[in-house]
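Across the two complexes that follow, chain A remains constant while its partner is chain B and subsequently chain C.
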Partner chain A sequence: MRIAAPAALLPDKASETPAAVATVTTLPGHTLEVVSDSGEGAQRCAQIFGTVSAKMGNGIWTVEIIPAEIQPPPRHPTSASGNRVRIGTGAVTNWGDAADLIVAFNEQALLQRFRLGALADDAIILIEDMWATHADPQIRNAWDDAMEELGGRSFRFINVPMEEQCLTIVDNARLGKNMFALGLLTCIYGRDLDLVRDAIAQGFLKKAKSALQTNLDLFELGHRWAEQHIDFRIAVPAVKPDRAMVAMNGNQAIALGSIAAGMELCAMYPITPATSASHYLSDVFEKFGGIVHQAEDEIAAIGVALGSSFAGKVAFTITSGPGLALKTEFIALAIMTETPLVLVDVQRGGPSTGLPTKVEQSDLLAALYGQPGDAPHVVMAPATMEECFLCMTTARRIAEALRTVVIVLSDANLASGVQRFPRPEPSEHWLAQPLDLAPVRDGLRPYDWDPQRGVSPRIVPGQPGGMFTATGLSHDEASHVGYTPDVHERGCQMRSRKLALFQQMLEPPAVNGDPTGDLLVVGWGSTLGAIEEAVERARQEGLSVSSLHLRFLSPLEPGLKEIFQRFGKVMTIEINYSDDPTDPFFTSENRRRGQLCWLLRAHTLVDVDCWTRVPGEPLRPGQILQAIRESMPQGGSR
Partner chain B sequence: MSDLCCSLLSSTPDSEEREWTISDYEAALARWCPGCGDHAILAAVQRMLEAEQLPPEQTVFVSGIGCASRFPHYVRAYGFHGIHGRALPIATGVKLRRPDLNVFVVMGDGDCCSIGAAHWIHSIRYNLDMVALMLDNGVYGLTKNQTSPTSPRGLPSNTQPRGAILPPLNPISATLGVANASFVAQTADWLPAHVFATLREAFRHHGFAFVRVLQRCPKYTENIFSTLVHDPGLVELMVHPDGVVVPELDRMFKNKVQHDPADLDAARRLAVSDGNVRLGVFYRNETHPVYEETRAVPARSAGEKLALLNTELDRYAV
Partner chain C sequence: MPSDGRFGPAFDGFQAPLSAFRSLLVNTGEEVRAMLLGRRSTLESRAARVAAELGPLAAGRIDPERFATLVFDHQDADPAAAEILERALDVLTDLADRGERLSLVQVSAGGNLYDAVARALGEIGRAFSAARAILEIRSGRHGGDDGGVGPLPFGRWTKAERRLAPPLVVRVHGSDLRPAALAEFLDGRQKIILAVEGQCVPAPLARFITPGTYVLQTADGSGIDRFAAWEGPGIAALVPESAAFFEHDPAAGAAPWERITITHLPEKLPRRTLAGLSARQQAEEIDLLRSLATRPAGVESVAGAPTPAPAAKKKDDPADKLAAWLLSRVDLSNLG
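So, the complex of A and B:
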């Protein structure tokens, strides 16, 4: 990249054409995407756009569009890389249905999004048009084929000579188009120029000044081009929130949440989509007296966390499905020895290596029941980025109070999506208590269970008089190995009672919408926003629908059966696999149902139905709305 | 936090003033078979704890699963009897966040060299300051006589009744081959004085001390060590002022080799048995960085943490 002349000295090519008179459309929300080949920086462009929008007071939700490979072949549909950003006047809780506007650096990336149904019927498409006249006939043909496939619809195409424009500033336009595109979007959506410039500068703190200037110039160039050539503007009014807000993704929230919880050790082994949390922690944790330990594998990672917790410093381990599978034996050991431990599973598509970068909610039953033997423990699922932050303190506290394992189920949608939420106000009470190494009172045993509640005081190494050997073998109050029926049954009872105790401390979940009605949809995890938006739209259509979202999956929150009985029908909405009940191949006997559905049926004996999909992307509210329409007990098309 | 923890530690009257005797380290009666080498090793460990005057509450024994791994139950100290092959990660977690504790790991040969092999190799690299004992009876004892990675070739077992198919792996060579190898020694259960002296050196060593203890299993592998037990001529003692010094063995063992434990090449040569079994310290090097020290970070008070966290959150302010 050559050093660019200051922007003011550049010939202002755009000003040669007459300035367009732009019409402004004001809308409560808009959804846009930026897609490129990976390595062209569409993600950065969209991230800056999202952050600036949040800073201006818009609600935002972003979703990453990621190819599985680091360097996939260029100009191939599977290589599309970028982001969706949904902005709104109020809070935005999900990624919406389809993009109203898309900036595509090549027609193959655009085609991919089109094929996935990501574009609204009347989407505005800003596309790099250099490919139409490319010297390589294969590329020209590919462009023509794509245009034919995309033709015959109400899309509005705007050809943008990104390459040509960027080459006036840099030698390699591949590395500059993203800033040019940011300029386009900033103009179209009337974003605050200074906020954008600041955000660009943030990315160059550790780099050469000249590089920053080049990027700023490219940005201004794009902005000017749009001013001159684009005849519409989109205004999504922002309301300045009445309190401080932050915007971050769920993995950053989990990382910061673990700090707020006072944890000092994250033991992990790299796995998508969990790893970015530990990248971020690796950067900042040591300032807080904590460390990230990259272990030799997932088994070792949880073992190290367990050892630390046993020694009095509650630690956590973070992983995804394949890693959860490997950690199974240690989870059971922690439960058996009643060693507090927090395990975060950022779910991706499975089984096996599955869809490494894509969202799914298929680990629920593995998290609940994956451990051979009876292994009661807590499973919880944050539904928003804010909850990702808060749940870490909750999880640590539960783990310590109950001396058990808490599994936190996040997912790829929460992990990499950015949402705006009220700035947490951490307090000293959230932090783990300092290690107390006071001598153990005479006669106190390591498992002196409260016979009613199953809880027992925790003794940690270093406490005089407390010496005991924790063991995964069946054991009595003194941790002495015992295989007799009474010892084993008593141990099982005590470990189980803790969950009942905890369940009694939970509130029944709130019903979103009327407390009674025709249909209740039940969800968990990252689908909260999409479900509630769909329910809202269904209610506007006059349908009698409410929803309920579970945060605790083990133990289940109280009162479910009673709530379910107030509705004509109960149906879960989940991102995991279930057999299609409209396929005559399946009967109600052989149909495999969604994982939460399975759980709720067993738990409540209510005939809960499910609507589940595994598209490798977040559910869309419109999709859920359609499912609701079709599932209404009376008058539905089912 | 650490201030509080330190003041609590130093105010522990027991650890400062009390003199610990062998009986302070005795817990449940060991339930190994009569004649099992583990009994002698346990006794030597307890003697060593006494000799070093380690406060039981400041001492943690971590084990996996197997006959050998029952060890922590028989020592009065803190213990963690874990899962098969995974003692080292647990011990790593303990030592990493509680460097004030004395950590001992006890594994069987299946535990360490088979199911736990990844952790064994990587623990050598991490080089935490702890002692790892591998009680090597050349067989899977607890599960009743299956071939182990250290079973001599040809040794029949229930899974390889026509004799162990593969040659055994050499745990000493393997350990010496790993980056950061810090302390590597070998001893034998039937020489308690040697076990004691070796353990003491291992404990005093600053870094990860790997000790393979040749251990007789009277039930399944009596024969593999019986010639050694009865013919000290087959054993070669490695002697050096920096190694294990056991004067009472001097007369018994005619076979001695001067070996400076600083010499890694010589250690690797000696580790490869040419008929003789060598006991003593193969290698000792305290210059490798110790993981819990490399990773040590200053503790923060609650107030400091909150202030820093607020600064961090501000980076996400919109």
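So, the complex of A and C:
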């Protein structure tokens, strides 16, 4: 039995209404998704759409929808690959709640998005309709089943004969539907045609002109088809920015930020989702005198970075959770030898190899406490793509000033999502000062700790009079191995003291919203935009909620206890696991909490609660809003 | 003065080392200027600099004034050290401003060639005095003395400094050309070019011929380019047509006759004393030159023998020893 598309699927084939009578709806923002099987180019389509929107002056935030496997089976719900693009008239800080419009190359990819709650209740669905009449009865049945599951809702279906149309230009439509879809979207959202054409051309710089022309033809075909068959248009007005803007993802931002920060060496071993940062870097680093070194493994990578830094170079290493685990010993060595080192951890789902392509914030405690022994160091977390760029400069300077390790915690959401932000204006001050190779002062020892500050002047190889044996063993000021209690105690004291000193240099974090209230939501990393949007919506509902977002996790920013005490309740929002307190298995004694929650409870002795999820995707503001509503203290104001 | 016809060929070949030395002066001066700026800076300006170094992400999150206490060394505040740095900067600026004139020496009529060269090198040595003073301060060894940045005689130059100094071009009258004492300045990469005016003895530089020293006598400047390219010490003279023309290139062979090329010898022997040398002494210099350039009868060519070069490593060079040991560890000659 063949099941027709739901009743809301009107018209069955797209309307023949010409463009002249299309209804234009003007909105402050809209969210769309393009999904296909892996390899059909949905990501490319959405990336171009996002980039062009940013160039036109719209705020954007994109999130990649990536299957876990490299070559997943076709037409399977878990194989959906694509992008969500949220565009707005103003700045866009997160991926939103649900897609208002989706272009699906098959019904299985659409089904996966539906099952994940990614579609708005009244979403417009543009779907390739070839599967409904496919020769393979199994495929037809799968289509029918999907339509039945999707039925009975307020979706508006528009069947699009992508295959049929594309075959008028190419023999293999699978390689052309993405450009056709781009044409559809360009027409619906009124994107600048020339900008789109330029963006397509950018992707074919190294390919034959005929390939570019074919793709342009497919794009024009999609645009014409939409003009003739789609009866609505969506206008998201763009505001011309008063300054130059850029749009990039967090990994690009880290790569470019490392250049701006005067980094000289990136030593890495490929690992999702960190690898692309080194790809971007390897394209341009040499022009700035830098080197990307792909080592034989994670341990070697940090070893090269550590050795380079010891020799006076400005080096960093980049990895993800499993790599962080492997680098543990060398992180501790860097801390013990007081060698400046920046380590970027682009977090993914864990433990073990976990969810390589999915976002999670579950490396926090490992980054903070993962090293055996007492190994104090700095941990910081950028919250936006712009901060990914800027944090490299800050991290490098802190690492050098404190002679310690700075771990930068990014995540898969920041790494692969694209955001528009003001073009950074690099300063020569961000670059590393030339090394002073003057002979070391008479009597200066390699760890001549200032007892008040815990820091000591850095000596690099080549400085006359500065030769010493660096050791990971407990040592005294002269780097002589010493196992006596006083030597070890003093070393631990000094390494800790400089962190305490640095903590005193930090400013208390700013509170978003009223300084007092019923609920304070605390977050870190990429959840900033979703949390602040949720808080804003909660405040519009009359709830007394504020938020606070931490950038420094070690040492923690000061004044937290005092801030927390001004609120009836404090709750962290995190993308890591915590036990559900309503689950009868868990009590207040055995309940495992979110990682930031643990940290804040330990540091402030305040009864901080948490709301955490591990969905393998960014948190949605609507989810957070619901958590806020449910977490309001009894008697909370409305 | 450098545009003077006699100096043209000399300076033309030496633009690279002259520019390099001037760059050294300018760059060091910039470093000192930056050091002074840091020492003179107020807490506010230090904080501003630290804030700039930390970047925009730190704005409002890290107190730059407090962070500045981590970055700036308190020893920087020593006023005596700052004064020495000021003087060092003045010296470096002065020497850099002189340009080619720093390498130009004029021996006044009846003057002493040795004294003039020693004085000029001592003046160049002020750069090294300044650099040493700066190093002392940067390394915290400044002992409260005046950190002298005055002339530094060549005899007190280090091995490295002797390789850095620019060449000297000395204009001297033939009657004052008594170069023998200049031998003590021929070390490192130091080069001296004598632009001789008027008549001079026929082979005034013959006595300088030693295995590692480039010696050149020319009337038209030919050979100056090779002389300039030599990595070791050298002395050249732009002499009148009446003198001998020859070139001693240390890299040209192991034996003196392989290294020396005589292109011209005066037809008439000297008959009168000049520049303190009797006619006989002058003739002996020509004989010395001729004999050194002549292969002894019955002696085979030593072509292929190792060429001595000043930069050549001695057998007991630690690096050679290490390399030999490493090779011995991997020597496979006894295997199978």
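Everything below uses one rule, namely that the second predicted complex is superposed on the first by the 614 of 638 C-alpha atoms of A that agree within 3 Å, B and C clash if a C-alpha of one lies under 4 Å from a C-alpha of the other, contacts with A are read in each partner's own complex, and residues count from 1 in each chain.
To be clear about the criterion, contacts are C-beta pairs under 8 Å (C-beta built on N, C-alpha and C of every residue); 3 or more make two chains touch, one makes a residue touch a chain.
The structure presented is a predicted model; accordingly, all values stated were derived computationally and were not measured.
Enquirer: Between chain B and chain C, whom does A:Gly568 touch in the aligned arrangement: first, second, both, or neither?
Expert: Neither partner.
Enquirer: Should A:Ser427 be classified as contacting the first partner (chain B), the second (chain C), both, or neither?
Expert: both
Enquirer: Return first, second, both or neither, reflecting whether A:Pro351 touches chain B, chain C, both chains, or no partner chain.
Expert: After superposing on A, A:Pro351 lies clear of both chain B and chain C.
Enquirer: In the overlaid three-chain picture, which partner chain does A:Pro73 touch, first (chain B) or second (chain C), both, or neither?
Expert: neither
Enquirer: Is chain A touched at more residues by chain B or by chain C?
Expert: Residues of chain A touched, chain B against chain C: more for B.
Enquirer: Given the touch rule stated above, what does A:Pro451 touch, chain B (first), chain C (second), both, or neither?
Expert: In the superposition, A:Pro451 touches no partner, neither chain B nor chain C.
Enquirer: Does the superposition put A:Leu402 against chain B (first), chain C (second), both, or neither?
Expert: Touch status of A:Leu402: second partner only.
Enquirer: In the superposed arrangement, which partner chain does A:Pro439 touch: chain B (first), chain C (second), both, or neither?
Expert: A:Pro439 sits against chain B and chain C alike.
Enquirer: Determine, under the contact definition given at the top, whether A:Ser308 touches first (chain B), second (chain C), both, or neither.
Expert: Touch partner of A:Ser308: chain B, not chain C.
Enquirer: Touch check for A:Gly559: first (chain B), second (chain C), both, or neither?
Expert: neither
Enquirer: Identify the overlap between the chain B-contacting and the chain C-contacting residues of chain A.
Expert: 424, 427, 436, 438-439, 465
Enquirer: So in the complex, the part of chain B that touches chain A is made up of which residues?
Expert: Per the touch definition, chain B meets chain A at residues 1, 4-5, 8-9, 12, 14-15, 27-28, 55-58, 60-62, 65, 72-73, 76-83, 86, 88-98, 100-101, 118-119, 121-122, 295, 297-300, 302-303, 305-306, 308-310, 312-313, 316-318.
Enquirer: For the complex, which residues does chain A have touching chain B?
Expert: Listed in rising order, the residues are 51, 54-55, 244-248, 252, 256, 259-260, 262, 264-265, 267, 284, 286-291, 293, 295-297, 299-313, 315, 329-330, 333, 337, 420, 423-424, 426-428, 431, 434-439, 461-473, 480-481.
Enquirer: Flag every residue of chain C that touches chain A in the complex, lowest number first.
Expert: For this pair, the touching residues of chain C are 49, 52-58, 60-63, 66-67, 69-71, 73, 134-135, 138-141.
Enquirer: Help me check something: in the complex, which residues belonging to chain A touch chain C?
Expert: 261, 382, 387, 390-391, 393-394, 397-398, 401-402, 424, 427, 429-430, 436, 438-442, 444, 453, 455, 457, 465, 501-502, 504-507, 509-510, 551-552, 557
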